[in-house]
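Quick notes on the structure that follows.
Letters are used for the chains, namely A, B, C, D and E, taken in the order the chains are written, and counting of residues starts over at 1 for each.
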Amino acid sequence: MPQNFFCNLPDRSLQGKPARITLFVGAYGSGKSEVSVNFAIWLAHHVKQPGQKVVLCDLDTINPYYRSADARAILTREGIELIAPIYANTNIEVPAVPAAIFSVFDNESILAVLDIGGEDLGARVVGSLRDRMAGQDIALNVVVNPYRPATDTPEGIQMTVDALAAAAGLQLHGIVDNANLLELDNQPHLIDTLPIVARASQLTGLPLLFATTLGRNELLIQAFERLAAVAKESPAALAATKLPILTMTRSIHYPTDPFALV
Amino acid sequence: MQDVSIVIAGFGGQGILSAGKFIATAALLEGREVSWFPSYGPEMRGGTANCSVVISDLPIGSPVINDADVLIVMNGPSLDRFISHVKPGGLVIVDSSLVLNIPDRKDISLYRIPASTLAVEAGNITFAIIYLLGCLAKQSGCIQRESFEAALTDALPTRHHHLIPKEMAVFDIGGTFLNEN
Amino acid sequence: MKPVFTRTTGLTDKPFHYCPGCTHGIIHRLIAEVMVEMNILDTTIGVSPVGCTYNNYEYFACDMIQAAHGRAPAVGTAIKRVHPENMVFTYQGDGDLAAIGAAEIVHAAARGEKISTFFVNNAVYGMTSGQMAPTTLIGQVTTTSPFGRRPEFEGYPINVSEMIATLRGAVYVERVAVNDFSHITKAKKAIKKAFRVQQEGLGFSMVEILSTCPTNWGKDPVASLRWMEDAMFKQYPLGIYRGQDLEV
Amino acid sequence: MSNRVLMKGNEVIAEAAVRAGCRHYFGYPITPQTEVMHYMATRMAEVNGTMLQAESEVAAINMVYGAAAAGARVMTTSSSPGISLKQEGISYIAGAELPAVVVNVVRSGPGLGGILPAQGDYFQATKGGGHGDYRNIVLAPASIQELYELTVEAFNLSDRYRMLTMILGDGALGQMMEPVEFRDVEPIENVAKPWALTGRKGRSEHNTVTSIYIEADVMEAFNNKLQAKYAKVTENEIRVECVDCEEPEIILTAFGLVSRICRNVMQLAAKEGIKVGLIRPITLWPFPSQTYAEIAAKPSVKAFLDLELNCGQMVEDVRLAVNGAKPVHFHGRTGGNLPTQHEILEHIRTLAGRNA
Amino acid sequence: MARTEFNIELCKGCGLCVSVCPQKIIALRKDILNSKGFHPSGVEDMDRCTGCTICATICPDCVITVYR
């Protein structure tokens, strides 16, 4: 079990020592790639020690678009190495798994984030790497966006988690709440739906690891304080009040967006 | 000489389309401009068939005939369909063995030839159309006898060439009929 | 010491882009080795399919053309008709050949086109990410048969070799596998035989090659080979389906 | 004169192809063009060529793709629904820059469509038809003699520009007979094809024929190259016939068979003192826009009347070319019907203000 | 007397050669990393190599050259 990132108000930023290799799985559109890129950046800033390097592996074999390889420029700037299928971001849709993926298992000095393709189908690629993962310090986390159909109820999230675990053939370690409707400021959405995700955490027995926001922290803290006020009535909401936050920057855009990759 | 536009119509199998080709070939052999435009499609298989032949000394505009100089018909429905498209002063040649009711038009020349009956009597039903073509050649002057004979030789397979003298005799008989209007 | 196993000159220097453990690479090498051994590299024209191997024209050192999905047999037919003295092969996957291109392969075989088809069957669509193929096994889970292939809903797998073998124009049809040394050796012999049949002008030849897809099967490469033996061999028995007595 | 023979349009397409050096024909039967296959079946045997009846139109066009890549002069013919099926292959041929000739003897659509004359495939032929940014040269013959000449020319154009040339005919053109003289229109060009698949033989590099480029920039550069080629075709290859366009009152504009009906109408109109001119595009792509613009600028011209066997397709290009200089009217017939000379004349009288 | 050479830059570390070697002398080499950052296949005890070519035959990426 990896370290959890629980923290106290008012500083809700991620802390602690994560697993050496973190995998993000999730349903289509849950925001796995966005979370992966930002988590890798957080690792680079807060966890990486001298002699270590952070590697982001784009293992999405399902969908050739909106993938973490889109953030190549930002990753390069942050000194993060990207491993992606050789045809990622070309005209070709051959989602071959890059052999370099093995480096994250073979090289202890790597802190790795693995961005896995959508749904249980994408998680199947994890199955082909199962042998390599044995004995490694690994966290397999599921990213949830409660604004997406199928993961908009605690039960829906539970079913999704079960399907992902079955396809990957591995036990999941935790849930990431990535509530968003794509707009810049997702805090209201996060507050509105946190109880759903928190309840799913109880149902599945998987800890709620962190939530993500694109917005301003002070607003978020106010909102959490409001949530804490009603927390006594809901154990799920109570859990939420302790939730650490990953403040994200947008990095994966459709290439026509003039602000992409700036 | 002026353009001649000829519509030939009847049932499929009566040699309608071939008759058009004979006329067109004969005119071509005389060095004239010519077009042959068939009705095709479902009509080709068992239903009615018709074709349009235009002969001219100048390049031909439309191969599609709206107003015909000559109408040759071998069944009733075709006559009903095309009779109103014959120009005033035009020529209508009818197989009267098969077409009984002929609409009353006094502004045309009308030739009624019991072609199918005559052809059966002559021992070959395929001759029927030849009587009508003989009449066409004689009355319109659009093709010469010699070029028609040459066209038959050209168009018919060698194994049928022995029929040509008999067909030419039939052709000549067709030319003996008189205007009934 | 002499080299007894080297990279064949039938391949270009370009490294394959396939996933680790994907056996397309073995099949490419076998075809390339046979072309060199038969001295036909300079006269062979290959037809690339649509699928993971769409750009294998970059790997084979002979003249190559990329065909639309399923149409390789039609393209190959025409090339052979234009250059009857040349050798023509098509390289096709199970979606390409047995789904969208079912008509083309059947008719090329029925016409007895003097081309050789190498049909790679891995029971799944690789390129478009793991959908059900015509050859997907009963019960096999794919992205488009998430409940496992159910005969009553998705129907049955197609045994292409058995089907093509019913056609008189197909003079040589064999199913092989590339799961271990002896089967790979047999596969190479079959590929050579297919080319020999073409060279002799006898008619259409096809070798169906059972292959793996570790990524979309969700199994590591070694386990994938075992799954091929355990699951695929039952549905797709190896052997010669036409041309048992053929001497070429 | 003695060199002239009476032949059906479909037979002439086939004979023209053979005389143009085409030795590979792949087709699938569909009325009203099936006689091309019938003729080819025996004719190709005489010249040691190949006529292969494919299993489908889809297979046929992909055979064309293969044969063209192998360096052969190759043709397929079909009719509207069959041409729709061929579009993927046509796009591949454009994407791989291969020369080939495709003939469409148009049926009346949409859907299955009737077998009578129609021109409803103008958009499909000139605006793409298949996927992607590409053009085909589109030729629209109006007589059997011209059908011969343009079919031969289609092979030369295809080889010269490494692109597909389409003959857009109609059911009537395929089925009618007229005299044709198989004169040598133009010496058959022998364009070298070093890119063709022949087997490597002496070459150090292997040839590949493909239509995909992995990098976006390379793919864009390829598209730019195609467009430059199309600009060159537009500069060099526009063909158009203008009849009595010196000082006309009304300009008729039509392609193919309809233009011939227009010629008869022009004589009828002349008898009534109406000066009518005719613009007949022979290349539908590239479209003779400049000719339209120049004639539209003439003070004598009151209006254009575009006639087609469809609900108004080429008229869009006519309007773009005339660019508002003069009104452009449309007269269309569909379902396999042809406009009569009388109805066209009536329309002309109205436009010329000659009606009571 | 035999020898195998591995073109480690072409190796994708799939491990098929490891699984088929009758002498059990092929392994992913923990002592080296290739430029892609992982341990490629290699022979640990070349003296025991028989040059049977089974590893080269199953390799999907033409990594292995065998001398005998």
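The rule we apply is simple: a contact is a pair of C-beta atoms (placed from the backbone, for glycine too) under 8 Å apart; a residue touches a chain by one contact, two chains touch by 3 or more.
Values in this document were obtained by computation on a predicted structure and should not be read as measured data.
Between chain C and chain D, the least number of touching-chain steps is 1. The two chains most heavily joined by C-beta contacts are C-D.
The mean-CA centres of chain A and chain C are about 40 angstrom from one another, to the nearest whole unit. Between chain B and chain D, the centres computed from C-alpha atoms are 34 Å apart. Chain A and chain B have Cα centroids separated by 86 Å. Here the CA centre of chain A is 57 Å from the CA centre of chain D. The residues of chain E that reach two or more other chains are 12-14, listed in rising order.
With touch defined as above, residues shared between interfaces to two or more other chains in chain C number as follows: 18-20, 22, 54-55, 214, 220-221. Not a single residue in chain B touches at least two other chains. The set of touching chain pairs reads A-C, A-D, A-E, B-D, C-D, C-E, using the touch definition from the header. Residues of chain A that touch chain E in their complex: 98-107, 110. Put simply, chain C touches chain D in their complex at residues 12, 41-45, 47-48, 54-55, 57-58, 60-68, 71, 74-79, 81-83, 86-87, 103-104, 106-107.
Contact residues on chain D toward chain C in their complex (touch as defined above): 24, 26, 50, 52, 54-56, 58-60, 62-67, 69-72, 74, 88-89, 92, 96, 197-202, 206-212, 214.
Of all residues in chain B, those touching chain D in their complex are 21, 24-25, 28, 31, 33-38, 40-41, 60-64, 66.
Contact residues on chain D toward chain A in their complex (touch as defined above): 212-216, 219.
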